[in-house]
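Chain IDs A, B, C, D, E and F follow the sequence of writing; residue 1 opens each chain.
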C-alpha cells in the first residue's frame, strides 16, 4: 500500500520557460530508460518476486521503485514548469477566458516550431507520458524475467543508461530549471547503480574499477558536483513507513563505485520541499477554478450539510 | 513524494491456480481501462494541475491516484497467485534446480494452450504490464486535457468503464482468488465514480438517477454485496501522510449514486493485510535465494563489516 | 460529402453463433488487408489525388472507396451476429438486468477459451477495429505514394491479397453466417482487382493470363460460384448520387480476368437489404433502452415541446 | 450502405501554402480526438448497436458518424492544399518530369525543417492518417463499450475534446485556408456536443450551465462567430437518403448549451461546394495523367470498343 | 558486405507438424529477446562502433551478429517445418489447385484453435516476424548506447535472457523438430554469453561463479548435453571471409563459465547442412511453380536468348 | 548460412556533417519502404519459399535479400558519418573524458533543433532502426503471402516505392555524403525492379513501356547518371559462395525497363571498399578503448595465456 505527502523530493530552480528543453526532459520521463520505466519495472519485480529468503533483495527493489514514483513526480513537474507560459506569450490573468485568440490572435504559434506540439495542443503546457520524439511509453519496456541475477543485471544496466542519457541531456541546455532536476537524477541514478551493483556483488561479481558506468566524470558538471559532495550517490532511502525493509542488509559497506564512501541505507526519506500548484493558462482553456466556481463550491458544500442534517440529524455529520 | 508499507490494500482469497482467469484479470491491470491507466492518468493530472483555488479537486485526484498504485499492487499480486504453480505442474521444492526438464520432461506444456504464453515464457508465472490479448500498456491511454471539467468527465467515464469490465470479468470465472479482487475493485471503482460525479455536481451537473453507471445491479454478486453492505462504495481515503488533503471539501454530502449513503472522506487509509513473498519456481529458473546464496550473503555482510572497520574504525559503522 | 441508407449491401445468412469464426473474420475487417484498410486507402488517395486530366482514375478509386465503407458495415455486422448470444449462453430477455451473474453465475465463461476475449470484455459481443490476433488497425497501413502507377499497382496487390485471405478464411469454417459474407467479399474483391488491373492496362500493362491473382479457382466454393454466375465480379457501382463519376471510362471493355465477361459500370448501387438492430444482451450490461427508459424519453420529449411553446409560442415548433 | 457526391461539406478559403499549419491540422484528422476517430467510433457504435426500442439513439449516432466521413474529406483536402507547392518552391508545370532535381537542384529541401517530413517524402504533399507528431492513427482509439449511457458520455467528452483542440489550433495560425476549416469544425463539434448532451438529458442528466464544454468563448474568434450567428451549432443533418432516421426524436427542443436556440434536425444535409482536383507536382513524381497518358487512355477505350463489338456484336455494347 | 551459402547452420530433426510448438518458437525468432533482435542489435552496434583501437570488440560483435542472421534462417525454417501440413490436414499434391475447399471443405479449420491464426491466414504455413503472442518485431528493441561497457553489459544480459527463454521453451514441448533447434540455440547462446562476459573481463569485471546466467543446469536436457559434450558453448566462429577479424584477441583463454574449457575462436564457420525447399501447399494457394509454369519459364528463356542474339549477335551472349 | 567481409558495398563520399540530411536518410534505413524492410521481407520469403521447381525464383529473392543486408550496412554507415561531430561542435580528442560539459558547457545543444534528438540522446551520433519521423521499424511491414505472383508483385511495388522515396530524398539535400549513397541506392533499386519485373514477365505479364516505375528520369541527377552509364541498373549479383544460385535463369535477356541493356547475373559481388571505424566522441561518453584499456586488454591476454599453460601445458595452447 502506498502513501503520499504534498512535497517534492528535490527543489526545482526557477528559470525562463524553455519548450525545447522540456522536450528533451521527456526522454527522462517517458523514454525507454526514463523514470516511468524504472518505476514500473521495479513495481512489477516487487509484486512478482519469488523466494522469502531473498527478502532483502525484494526490499531493495521495492525501495528504489517507490523512490521512482517521486522521480516521476519531480521530472513531470519540471517539464510542466519549463512549458508554462512560453517566452512568446505570457497570458494575462486579469481577464481570464475572454482574451485568448480574441480578434484572431495567435498566442500559441510557438507550438509550431519548438519541441513537441502536443505539449500545447493535447496537453495544456504540461508533461506527457511520451519520450523526446513523441513515442508513447510502452509496457513492453518493463523487464522482469523472474531470475534474480538477470533482473539485477538488467536493473544495473537500466540505471547506467538512464544516467548516460541524463549526462547527454545536461550537455544540451543551460536552463537552470532543467539542470537542477537533471543533476539530481544523475546522482540518484548513480545511487541506484550502486544498489544493484552491490546486490550483484553479494551474488559473486567483483566490479573492480568498472563502476560507475559510464565513466562520465559527471563531477565536471558543477551542479552535479555539489550533490556528490553531499554524498547523495551513496545513500538509499527506504520510503518504508513501518521499518520492515531489510534493504540495508545489502546496501551497506564500501561503495562499489570505489569512491571511498560507505553505503548508507539508514534514512527513511529525504526532507523534500513543498509542492505548489501551477497557475491558470487561459489560452489553453485551462482555467482551474475561477471566482464563480469557488462561490459555487462553497454554496454546494453548505447545501450538502443542510441536506445531511435533514436526513441524518445534525449530530450525525461526517467525521 | 511517495511512501510504502508492506501491506496489501485488501485480502486475496486462496483458491486453485487458474491461468485463464489470470489472463482475464490482465485487462484490469494493463488494459486501456485498467489500474495502470487510472494510476498514471491521475498522477499526470495531479502533476500538471492548474489553479491554486481548485486545490480540493487536485487533492481528490491525487488521493484516488495514490490508491490506484495500491490497486496495481493488489491486482498484480492476484494475477501472480493465479499463475503460480499451474494445475498441470506443482514443482517440487526439495531438489531445486535439477529437476525441471530433466530427462526431457515438459513441466510447462500448459503454457501452449491456456491464457497468455508470455506468463510462462517471458515472465516466471507473474503479472505483466499488458492487457488480456497481450497488447502492452501504452502512454497514449493517459488523458489529461488540462481542462478541469473535461478531465473530471473523462475520469468518471473511465471509472465507470473499469467497473463495467470488472462486472463482465466476474461473470467469466468462479475462482475465489480472482473474485475476491474483482469484487473489491468493483466497489472501489464505484467509490471513485462517486468522487468524480460529486466533483462534477459542484460544477453544476445534476445526475438524477443516472448513477452508478452502468446499472449492473452488482449487488447480485454475493462477494460484491458484502462490501456494499460495509459502505465501501461511499468512502474515499486520503493516503495523505500529513493531513494537507482538502479532498473532503468535495467528497462529502449525500452520495450521487442515490443509495441513501453519505460520502465519507474521513479515513486516511484502510488497514490492509500483510503482503507475502511468492515461493520459488524452479521450472522457471526463478530460484530466488537458495541455501548457498544465503550463506554467501551473510559472508559478504561480515566481510563488509570487517572492511569498513579497517577503513573507518569500529565506531564508524553504518547507522 | 457522404450519405447513408439503412440497408446492408448484401444479405447475411442466419446460422449458429460462432465466436472463433467471428475472430477469423476480424482479419477481413481490421487486418492489414481488410476492409477498413481498403476504405481508408482509397479515401486518402481520392482526397490527395493530383491531375484533373486523370479524373476517371480518381472517380474509379473514389467509387471503390465508397463501396468499402459499406463493406466495413457488412463484415462488422456479420461479426456482431456471429458473436451474439454465444452457444454456451442464451440470455433470458424476460428479466433483464437482474439475472446475469446472479448468485455467482458465469454466463460469460466462454470468453476465456474461444476467439478474442475482448469481444466479451471490452465490447458487448460486437465487432472491433482489430485483426484476428488482436492488433489494433493502424494508419501506417495506408499506402498513398501520390504516383498514379504505383498507387494502382498497390491497390491491385491489396485487393488480390484481400481475396487470398478470404479464400483461406472460407476454408476455416462452414458457418453459413460467416460464409455468406466471405463469399460476397471474395467476388467483390475480384471486381476491384478487375478495376485496378484495367486501369493499369490503360497505362500500358498487358496481364495476359495472370489474372485473377491468386488463381484460387474460387468457383469450387459453391457460395462463390453462385455469385460469379451472376457476374458480380465484372460490375462496379458508382455510389455517386449526381452522376458525375467518370469511372466508366476505365471500367469498360473485356474483363482483364479473361473470363469472357464485359466490365459494366452502369449501375449506381446494388439494391441491398434492410438492416436490423441487434437484441439486448443483459449479461453484458448492454440494455439499450428498457421500458423505463422509453417512458422517460417520451416524457422528456413532451416536456421539451411544452418548454419550446413557452419560449417561442406554439406556432414556432421545430420543423 | 453509403453514397457520395462530388462536393465538399464546406468551403475552404484560399491562402498561401503553410506546411507547419498543415501539420497542426493533422491532429484534427488522424489524432486521438480527430475526425478519423469520431468517424470510426460512431460507425462501430452504429454497427454494434443493441435494442430496437432505442433506434433514435442509433440513428443519431449513425447520422453524426456519416457527417464525420465528410469531415475527414474536408480536413484532408485542407491539409493537402496547405502543403501543395510549398513557399520555397512552386514547380513549373510547362516541362513536367524533366526539371525536378535536374543538375542537382533541391526543390524539396523545405521538408527538412518544417512540419512532418513524411508529407514530402512518403506522400506527395498530401494528407496522412497520422497525428501532429506523426503517430499513425490506431484502432485502439475507438470506444464502444456497448453500454448506451457510457457510449454517449464518451461521445460527449470526445466531441468536447475535439473542440478544445481545434480552439487551440486556431490560436496557432492565422492562415485562412487553415482557419476556414478549423472554425467550421469548432462549430460542428459543438453541434455534436449538443446532440450527445441532449441524448443524455433524455436519460436523466441535467447539465445546467455546464455546456458547452469547454467554455472557450469561441465567439471571440471572428470566423467562428459568423457560423454561430448562422445557428450551425444547433443543427444536425441526417445524411439519410430515405428518411428513415429517427434522430429528430432526440435532437429537438432547447439547446442544452443554453444559448437560447432550438435544436433542429430537419435538414438532410448542407449544400456543400464542388470539390476540385489538385494540380500535378512533378518534383514529387506525381504527374497524374500527362498528354501521352490521355492519348493512351483514349486509344485504349477505342480498342476496347472494337474488341467488344468483335466479341458480342455492335448492338451489345455496354449500357 | 555479406555473402550466403545454401546451407543451414545446424540440422533440423524430422517430426510431426505441431502448430502450438511453432508458435512458442516465434518468441525465439521475433520476440524481444529472439534472434531477429540479437541480429539487428549487433549489426547496428557494428555499424555505429567507435574507436579504432577497440577493433577486437567490434569484430567480436560483428562475428556474433553475422551468426545471428544464420540463426534467424535456422529458427524460421524450423517454424515453417512445424507448421507445414498440419496434423488435421495433409494436402494432396496430385491435384493441386482444384481440391482445397472444394464442395465447401474446411482444410484450414485447425487455424481457429491452435497457435497463431496468422500462420494460416496471413502467411502460408510459414514463419512470421512476430513474437509468441503476435506482437510484430519492433525497432525499439535494439539497444546501442554507443558506450562500450554498457553495450557489452546489455549484450550479455540479452544472450542470457534468450537462453533462459529457450530453456523454458524446451520444457513446453517434446517435439523433436522443435527441440533440435531449441537445444542448438541454448548452447550457442551460452557461447555468446561467454563472448560478452570475456569482453567485460578484459574491461575489469571478475564474474567468479556467476556464469552461466541463468543457472539452468541445461545439461539435464539430453539434446543439450550432447552439444555441450562437443564443446559448442566454447567456440566462436568468425564468419569472416578474408581473415581480418581480431575477435580472437578477446575470445581466448579459460571460459568465464568456469566449466574447465578453453575458448576457441579458430574456426571460420561450422560445416552446416544443405537447405531444402518446402513443398507446395495448395490449400494456401501457395503453388510455387507447377508444370505449366516451368514450361513457360523455359520457353521465356529460349525466346530471350533469340531476342538477344537478334540484338547483339550470337557471340555477344551474357556470360 | 551467412558470411561477412570487412568492406562496404559502395564508397561513401566525404562532406560536412549534416544531422537534418541524416534524418531524411533514416527513411531509407528504417522506414516502411527502406532497406531493413527489403532485407527482412526477402529473408522471410526465402525461408518460407515453397516449390522446388521454382528454385530460380527463390534464388533470385535470396540474392537480392543478401544484397539488402549490405545496403543496411551502407546506409547505416552513411547516417553515422552525417551525424558524426556536428557542425556546432567538433570534440577535442586529446583530453577525452574530461572536457565534455565541463564548467557547464552545452556541446550537444544542436540536438534540440535539428533532425531527430534521439541521434544524440539515445544513440551516440549513430544510425537508429527508425524512420524519418522516429517510428521504430516494425515486423508488420514484412509481406510474405506465400503466393508467388503476389509476393513478386509486392516486391516490384516495394522497390519502385523505395526508389521514388530516394529520388525525393535526393531533391532534399546537396550534401555529398548523403547523395553518394542515395544515388547508388536509386540505381540498385532499379536493378531490383528489373529483377522482379523480369520474374513476372516469365509468369506472363508484358510491361510494355511501364518500367521503370516511377518515371523519374533520374538520369537528370548527375550522380545517378554516372552509375547508369556503368550499367549498374542491369546487373544482379548472386552473393552466393558456392555457385548454387539459379537466379540467372530469370535475370537474363533484355531489360524490362526497355533501356536497350541486357540483364547480367554473371558477377558474384561488387568489389566494395574497405570499411573503417568511426572516431571516439567523448561528448557522448562513447570512448571506445583508450590507452588504459588497451594496456588492460594486453595484460589480460598475457595472463590468460599463462593460465592456460598452467592448466593444459604449454603445448596445448589454443589453435
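What we mean here is this: contacts are C-beta pairs under 8 Å (C-beta built on N, C-alpha and C of every residue); 3 or more make two chains touch, one makes a residue touch a chain.
Every value quoted in this text rests on a predicted model; they were computed, and no experiment measured them.
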> For the interface formed by D-F, which of the candidate pairs C-F, A-B or B-C is equivalent, sharing more than half of the contact pairs by residue number?
Replying inline: B-C
> Which chain pair shares more contacting C-beta pairs: E-F, or A-E?
Replying inline: E-F
>> Can you work out the whole-Å distance between the CA centroids of subunit C and subunit E?
In response: 39
> Which residues belonging to subunit E are in contact with no fewer than two other chains?
Replying inline: 32, 122, 133-136, 138, 140, 145, 147, 164, 203-204, 214, 284-285, 287
> All pairs of touching chains?
Replying inline: A-B, A-D, A-E, A-F, B-C, B-D, B-E, C-D, C-E, C-F, D-F, E-F
> Can you list the subunit E residues touching subunit A in their complex?
Replying inline: 32, 135, 138, 140, 145, 147, 149-150, 153-154, 156-157, 160-161, 164, 200, 203-210, 213-214
> Mind pulling up the subunit F residues that touch subunit D in the complex?
Replying inline: 20-21, 23-24, 27, 31-32, 114, 132-135, 164-165, 167-174, 179, 214-217, 220-223
>> Residue numbers of subunit C touching subunit D in their complex, please.
In response: 1-9, 30, 36, 40, 43-44, 47-58, 62-63, 66, 69-70, 72-73, 76-77, 80, 122-130, 136-140, 142, 144-148, 201-204, 239-242, 244-245, 249-250, 252-254, 262-266, 269-270, 272, 276-281, 284-290, 293-294, 296-297, 300-301, 304-305, 307-308, 311-312, 318-319
> Mind pulling up the subunit E residues that touch subunit C in the complex?
Replying inline: 97-98, 100-109, 111-113, 116-118, 120-122, 133-136, 283-285, 287
